[in-house]
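So that you can tell them apart, the chains are marked A, B and C in the order they are listed, and the count of residues begins at 1 in each.
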C-alpha cells in the first residue's frame, strides 16, 4: 500500500455525501476535511437523490436511524448507483434491532453498496440476519471473522471491510489485512463512522481498484491512530485522542506516511 | 462515597441506551466510553423498545425534543420499566416550552424514572409545572433548592439530583450533597447531559443503592471537573475544558480518586 | 470596530434560539457560551414559536434541513419578527438542492431576516436562485462578490454578510470589510455556522446598529481565528484549531482584542 491513495483524495477533493448519525457527524465532517475531501451532510428524502447525484461518493450510516433517514438513504443510494458512484454502507449496531437489520437488508437489495464497513459483530449480524447484539461496541471474539467477511462479500457482491484489531478487506476472493492502529479507537465513538466516511472519499478518488482503495483508507486511518496515540501526553485520554486523530489526518504527508510505516 | 461505584461500571460495562439531543450526543457517548460503559444511541420509535429491553439502563433527555423522540422515549421507558432497568430522566429546558413540560409530565406518569437529573430551574419547573424560563442555563438563585428537590422526589417517587454549585441528591427523605466541581461546567454545553448519561451507567452497575449510586456519579463528575480545571493551561477555555473533562474520566483510577479527594 | 460589541454580549447574556444542523450544533452552543451568550437549541414545530418569542435572537440554519425543521424555522422566524427580535439566516449549501433553495426563498419572503450570512457561492445561489453547487465549501472565485452581496441586500432588505478570505458586510448601501482570520477556518466544519450563531448574539446585545454589530461579530471571530492559529503547535491540525478557536472566544478580553488588532 502507498500514500498515493490519500494524495489522490487531496488532489481531487471529492464531494462525499454523508448520511450519518448525529452522534458522530461532526467528527466525520472534520475528518473528511482533514483528508482533503469536501463533505456534504444531508438526510432529508426531499433532497438526498439530488445531492447524491452530484456527489462523488455516498456514505450510508445506520446510526440513529429513523424512518425518514431510511427513505433518504434509499433515494441517495439509488441516485448514486444510477450515476455509477461508489457507495459505502456502515451498518452501525445492525444486530441491535429489527429496524436496523431490515433497513440494512433492504439497502443491500436495492442499492448494492461498493463497500460494507463494520465491526465483527455487525458483519456477522448482516450475514446471519440475526438480532440480539447488546451494543454497538460488543464483539464476538470466537473467530477471526475472515470467513464471515468473505461469505458476506460473495453474498452481496460488495467489498467487505471488517475492522478490529486487524482490519480485513475482501471482495470474496482476495483478502487484504491491515495491521496496526490503536486500542484507543475502541474508546472513541464514531471511529468506525469516520473510517466509513473516509472510505467514501478514497473510493471516489481511486476508482481503478476499489479493494485496494478501501484497504488504503483503513491503513491511512490506522497510521493516523498510531500517530495520535504516540502524541498523547500524560493525563490525556479518549477525547484528546479523537482530536489528535483528526489532526494527524490533517497533517499526513507522503513523507510522514512512509516514515511512519518504516518505523513501526 | 468511594471510587467503588466507578469500578463497578468498568467491570460490568453496562450498555446504556441514551435517547438524547443532537447537541451533546457525541460528548455523552465519549464520556460513557471513558467511564467504561457501552453507549447505544437510538431514538426511532421503531426500535427503542427493543433496544431498551436489552440495555442495562435507559437515559431520556428532553433536549432538541421532537414528537418522534417523545414517542421513542415513552416506548423505551416502558420497556425498561418492564425489564426492571434503571431510567434517568433529564428534563433539559423543561421550563422553556409547553411541549417539553407536557412531555416531562407524561414521562413522569407513564415511565416512573429512577432518577431525575436537572438544574435548579428545571427541577422547579418540573415541580410547579410552570413555563417561562428563558434558557437552558438560567437559574433562580433565591433558594437553595433542597426543599423543591425533596418535594419533587416525594411527588414522583424518583430520586432527584439537582446540580449546581452544590449537587443535591434526594429520595425525598435522605439528602446527599456533593461539593466541588468547577464553574467551567457552566460554560460547556451538555455538562448536565453527560452527568445524566453517566448516572445511567452508575445505576446499572450499582443496583444495591440507587441514591448513593446517583450521588457517586455526581461526585465522579465533580472530581473529573476539578482535575480538568487544574490541568487547564494559559489560553485554554471551555472547549479544552470539555476535552480534559472526558480525558479525566478516561484516566480516573481508584488511586487518583482517593488522592484527589484528600488533596482538595 | 471595537471590543465593545462583545462586552455587551457578555453583560447582557442574550438567549439565542438556534435552529441549526446536527453536524455543528455542539460547536455553535459552546461558542455562544464562550462569548457569554445563552444558547437554546430547539427545532420542533411544537415549540419553536414559543421559544423564539422569549429569546433575544433567532438563528435559522439550513444545514441538515428537514421538512420538520423548515416548519419549525418558519414558526420561529415569524414569532421573532412579531416580537421585533433579530433573525439570522444561514443558507448552508443552498445551491446544493431545490429543497434548500425553496426553503431559503420561503424564509426570505415570510420572515425577513435581519442578517443573511453565507459564503460566496451561497450568497450567489440565493441571489440567482440557481441550484447546482456541488458542496458546501465550493466557491466561485471569478468575482469578489461585493456586487452580489449588495444586490441581495437590496433585494431582501437584509444585511448580507459574505464570508471568505475577506468578509463583506453590507446593507445594500454601505459596505464594511473585515480582513484577517485564518485559512484553517476552511478546514473546520461549522466555522460559518458558528459565526452565524455569534452574529445572533451580537445583534441582540447591540440593537443600535445591526450593520456594525454584524461586522463586529465577523471581526471577533476573525481575531479568535488568528489567536487560535498562532497558538497551534507542531503536529496539531483542524481539530485542535477548532478547540483553540472556541477557547480564544472564551478568553477574549477588550485588552486582548485591542492588543491583537494592533499587533497584526
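Note that a contact is a pair of C-beta atoms (placed from the backbone, for glycine too) under 8 Å apart; a residue touches a chain by one contact, two chains touch by 3 or more.
Computed from a predicted structure; not experimentally measured.
Put simply, chain A has to spin 120° for its C-alpha atoms to lie on chain C, with the angle rounded to a multiple of 5.
Taking shared numbers over all numbers used, the chain B to chain C interface scores under half, which places it in the different class. Measuring from the averaged C-alpha position of chain B to that of chain C gives a distance of 31 Å. In chain C, the residues touching two or more other chains are 22, 26, 242-243.
Contacts from chain A toward chain B in the complex involve residues 21-24, 26-27, 63-67, 93, 96-100, 131-132, 134-138, 186-190, 235-240, 242-243.
Interface of chain A with chain C (complex): residues 15, 22, 25-26, 29-30, 33-34, 38-44, 46-47, 50-51, 54-55, 68, 227, 231, 242-251.
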